[in-house]
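In this document, chain identifiers A, B, C, D and E correspond to the written order of the chains, with residue numbering beginning at 1 in each.
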Amino acid sequence: MNLFQSIMEQLLNGLRTGSIYALIALGYSMVYGIAKMINFAHGDVIMVGAYALFMGMTALSLPLPVAIIFTIVVCAVLGIAIEKVAYKPLRNASSLAVLITAIGMSFLLQSLALIIFSATPIPFKSIISMKGIKIAGVDIPGITIITLVVTTAIMVALTLFINKTKAGSAMRAVSEDRGAAALMGINVNRTISMTFAIGSALAAVAGILYICQYQSITPTLGALPGIKAFVAAVLGGIGSIPGAMVGGILLGIVESMSKAYISTELADAIVFGVLVVILLVKPSGLLGKLKAEKV
Amino acid sequence: MAMLSVKDLQVYYGMIQAIKGLSFEVNEGEVVALIGANGAGKTTILHTVTGLIPSKEGKIEFQGKDITKAPGHKIVTYGMAHVPEGRRVFANLSVYENLKLGAYTRNDKKEIEDTLKMIYQRFPRLEERKNQMAGTLSGGEQQMLAMGRALMSQPKIILMDEPSMGLSPIFVEEIFKIIQDVAASGTTVLLVEQNAKKALSIANRAYVLETGKIVLEGDANVLMNDESVKKAYLGE
Amino acid sequence: MALLEVTNLGISFGGLRAVDNFNIKIEKGQLYGLIGPNGAGKTTIFNLLTGVYQPTDGTIALDGEVLNGKSPAQICQSGISRTFQNIRLFHEMTVLDNVKAALHNQMTYSLADTFFRLPKYRKKEDEMNRKAVEILKVFDLDSHADHLAANLPYGKQRKLEIARALATNPKLLLLDEPAAGMNPNETAELMDTIKLIRDQFDITVLLIEHDMKLVSGICEYLTVLNFGTELASGTPNVVLNNPVVITAYLGE
Amino acid sequence: MKNERNKFTKGKIINIVIAVLIYILIMAALNGGMLSRQMSSLLVPICVNVMLAVSLNLITGFLGELTLGHAGFMSIGAYAGSLLTIYLDLPMYVEFIIAILVGGAVAAFFGFLIGVPVLRLRGDYLAIVTLAFGEIIKSVINVIKITNGAKGLNDIPSYSTFRNFTIVYILVILTIILIVNLVNSRHGRAIRSIRDNYIAAESVGIPVSKFKVMAFVISAFFAGVAGVVYAHNVGIIKPTTFDYNKSIEILVIVVLGGMGNIRGSIIAATILTLLPEMLRGADNLRMLIYAIVLIAMMLFNGSGAKERLISSKYFPKFLKRQKGVE
Amino acid sequence: GCGNNGSSSSKKDDSTFLIGGSGPLTGSAATYGLSVKQGAEVAVKEINDAGGVKVGDKAYKLDLDFQDDENKEDKAVTAYNTLMDNDINAFLGTVTSTPCLALTKNAYDDGILLVTPSASALDCTKYDNAFRICFTDPMQGEKLAEYAVKTLGKKKIGIIYHNDDDYSIGLEKAFTEKVKELGGEIVASEASASKDNDFSTQLTSIKSSKADLIFAPVYYQAAAYITKQASDAGMKIPFIGGDGWDGILGVVTEPATVEGAVFLTPFTATDSSVADFVKTYEAAYKETPNQFAADGYDGVYAIAEAMKQAGSIKNEDLIAAMTKITVDGLTGKMTFDKSGEANKDAKFVEIKDGKYLVK
């Protein structure tokens, strides 16, 4: 294998993990935009999605497409429920208070999964059976192709949704000023619920791709991609949809390249170092807008 | 029958009672002014009427419908618009997007465009700046935007909270002309103003508020010549 | 020599020339008014004078000292202090602490005094308390000293902001629409206070205001701004009767 | 004002009395064998968490910046202090005091380094950068030789176990006093004014950058000291102990105790250290109950339920006393 | 004391011998702690059903009080102290190395018998009261190096390991040294963090290093990720691993990805000699036991043997008895020497046709 092929393969590795980060980061960003809170339980919604798909296919023996829809619905409903129970009562509290509740929610979901499914990893056979292809000597696994396609499609759809539809502009209005949004006739509670539903549905998709990649389900599976995606969302400019995408993919690629060509041991340090440098140069993230504050 | 009627309203902020049981009415086609000193409770009343804060006691009716407990977004669909204190424009959305949101409850695409044109006519500055982020507009420009945004919903009644605040003298004139225009075109107006003189000069009727209670009410012309009003609110 | 001397000041936001070739000279002890239509650039000029924005052109000099390139905190120490069009108090602090925070650079003690409560800490804190209460008295706010600033009614918040600005012991005080949201009686009271500040504290005042009663009542000199540049200037009598000003700003 | 000064000294005396009483109670219980071993071994962790929470409160509660890297400062203090006591050969108290000071100082130096980005960043962007710094510190400690990499440091002398509770207690009280003194001074006022409105703070002549960095440096110092105490209690440290989960744990304490409320931090640190231990009997429901209690406490605090309870007529009057900054 | 609020099983009468245990039951290492706990529970139940342990002329029932230490050293210390409050007679723990190191001194000071089922760091047994069921890291590393170079005849070896995990580093170090000593070459040594689950970068590097064998001293979950991702990347290089690999067939979705891999283990669930245990365990917990469960099980039996041998349940007698017993455990027949290590045979297992094949 020559250097070119090796670099290409490393790039593809990064691109694939990066797109999964991106998908999760999209959910983070949307929820952040509207609730002004870092939803620490978001990563655990991925975990619930993984178990839901597993249960759908085994216990309920649903056909694959139905199982996927089932997973998405479960997560969306879970997202709404979390918001209603744990965040809504705190609408008037500081965003930090909600952050802590979100952390509590994350513990809660993890311990529930632990009690129900135990800690032993459940093996899960990938539902993606597409064969990989080889271009110019570079192996491109099927899952990489699917992941990239799905992520790109979702990002485009989401961007259109937010910028072109009425519901999308309602979301943006609510994220700016809830009271004023209500004065426009926007149902604030429903808009917030909808945002959580969409964010969680994205997490479900991410969860499905994630377990197809790693083929194992544990109660803590959401923690790592959760925090990485959070970093990605901020890197790209939190609140920005294309930002989440760019941030996720960049994070994946930097991670993979520094592991491959600099030092596996310092990969994390390098990834975070890049993040710090980028934010110092561009304090609102790559594509984030600096909030206009007129003096 | 009154278009908007408020009866025995009481509103609390935590332990503090801001509105201490007051009643008033606005009839269709009227311009009614609400005047009073800082902290008298004018803003609180408007917020309660449009459902942004809950009332503890009392009843609010709009066109015969009880809206006391209705959520804010519902009330808008009944035909009530509110130009809030402090403008509350969506700072990170463009002027155009702000205006479009004003028509959120409407579905008639074509007519929305017409209303937009009409508003651009009234406020040419908004058309010039339609792609600027609302947060970077000057104070006066934001006030125009807030007013334009409220008008986008083609309301039956419009509640305005100190629309002349921070505006240049020429524009104060202009705004009051616009308010008169709006009223003339058939929209009922409930106007809260510090600029009592101006407010009384265009209003049909007025209420004078003091620490959460109505102390005086009547014909605007009569109040304008009332000695106590003159002394307390007109600075004469 | 004039206290404040601004020459050829300019700034752009993207394509918008918000302030252009602006000049102003303010003599010591003057009560100076800056007026003009909405969006003319008045607040922007305040922001340039206080270092919130850096000008793209021109110089700002206070008492002969060039202020260009200085940070807002340094400019405050040089002697310019301000209030804001949209009130900016330290909301979660008491009224007294709001003023004491502004005394930061005048009554100092070291970190060691702080950590170990050395005698100097007590002495200076007492001094600060006295001074702060003295200033609050001018604005009739001393009875609210222990309240959180956020809980004050709007009118009192405006006064507190002026009190706080005054506590930095400025040579030049900038007031951005101090009478906004006040009724005529409150405005009249405010006019007395502003005059008092000028006379008693010997401070030069530059203010932005749309209330012509206040402007003509207390300002000794006016500059009218339009589209970022000077439209007219002179004494109120002259300026307010200038037909150009009437069409652009006053109306009728 | 005169009566303010009186209030001041009166409150101060009450606090001193409380501090001394708590000390006497704990020592009596320890020496009288009234504490179980579980309880005794929790004394120092409680103290460590109090120090961490109080110091983090300076940044989060008083400066108003969210940070997720407090454990990073703690680890720097822990490693610096432990390396000293492992390699130095001095009498215990001398060695330990040097370790405390050096641990704090090295952490403070890193607080200074991290203070620089703080000047440019705000809110969640700052939070993520502090998280990044914490993780970078962790990775670097993981690869360098002197810290013994992933294996961590072993055999750290037991200088701050509950057997030496007095010294730990003195450190906690010192931390609290110094931070409270800071908060109620012109420096503290400057820090709080930045939190409330940094543009206005600048406008009254407060050098915002300087005080932001100062808050970080001081906070990092005490986190470093807490790290030294932690290391000399457990006797073993490794990089993964100080990951972002640890930082979050401290943040939870601060928020639960109330932002800018020192007394709240102390109480919350105690409760949240004890809670998971008290729940040991619940077996596999332990973490579930912990999570539910945490959520319930936050909802109670933040949804206005607390205010309604306090203002209800059934609430005992003597508990209604207003609590200030302390 | 007031610490007696432990689990219900901690109520004690004088014919009960209480074994305290500690390991991670929550968090990302929970699977190891739970396995040990469940294995130990099987052993306790089995012994009690058979009438308990005869010590002298008295029969003791065994009881287990297993506390969560979250794989954190400070939590391990309080967990241990809680157990001491509950008056345990012997300590089975901890499951993982670092928490174990944090409390060995305490346990030594208390003079209590400590049997760790699976903490493999050398220092865990440095005190006289501490014994270990599993292999130590260096021992495994050396044995595997000999196997790789001598038996398999591979000279170019790539390594992929966790650089933040004692176990993994311990194996990697010993293995590397031994391979060099035997004339082999490490052509790539790729590190990762134990929380990682994406190893494609490391694998791509190894792929281009022309290694003819990959040594992966990691636990089975990570091993499953690695082999799967290697197969996804089209790699056909054989794998070799340590005892952490045991149980890998339970977590891989395509056995073909691990076909031909060899690892060292004292326990395989498919071995006929352990069939009874596997059946009981599967019935109780709905999963196949792994080496950790076997270690927990053997740990309880070792303590029971020591009780019989000592003829007393005094701490010092139990400790003294440990070096005299022979335990015929699931992980082999073992004796303990003064250093605390178990002497038992290492078995190499090859995965053939999706099954474990003991060599």
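Everything that follows uses one rule, which is that a contact is a pair of C-beta atoms (placed from the backbone, for glycine too) under 8 Å apart; a residue touches a chain by one contact, two chains touch by 3 or more.
Worth saying up front: this structure is predicted, and the values here are computed from it rather than measured.
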{"item": "Neighbouring chains common to chain D and chain E, by label", "value": "A"}
{"item": "Chain separated most widely from chain C, comparing mean CA positions", "value": "E"}
{"item": "Selected pair, greater C-beta contact count between A-C and B-C", "value": "B-C"}
{"item": "Distance between the centres, which are taken as Cα means, of chain D and chain B, whole angstrom", "value": "49"}
{"item": "Chain centre separation (chain A, chain E; CA means) in Å", "value": "35"}
{"item": "Centre-of-Cα separation between chain E and chain C, whole angstrom", "value": "73"}
{"item": "Distance from the mean Cα position of chain B to that of chain A, given in whole angstrom", "value": "42"}
{"item": "Set of chain E residues in contact with two or more other chains", "value": "25-26, 163"}
{"item": "In chain D, residues with contacts to at least two other chains", "value": "142-143, 199, 284, 286-287"}
{"item": "Junction residues of chain C - those touching two or more other chains", "value": "43, 52, 84"}
{"item": "Residues of chain A touching chain B in the complex", "value": "166, 169-170, 172-173, 176-177, 179-188, 289, 291-294"}
{"item": "Complex contacts: residues of chain C adjacent to chain B", "value": "13, 35-40, 43, 85-86, 153-155, 177, 180-188, 210, 212-213, 248-252"}
{"item": "Contacting residues of chain C [partner chain A, same complex]", "value": "43, 47, 52, 84"}
{"item": "Residue ranges of chain B touching chain C (in the complex, touch as defined)", "value": "37-39, 86, 125, 136-141, 143, 162, 165-174, 194, 196-197, 232-236"}
{"item": "Chain D residues within the chain E interface of the complex", "value": "34-42, 45, 142-143, 149-152, 154, 230, 233-241, 277-278, 280-281, 283-284, 286-287"}
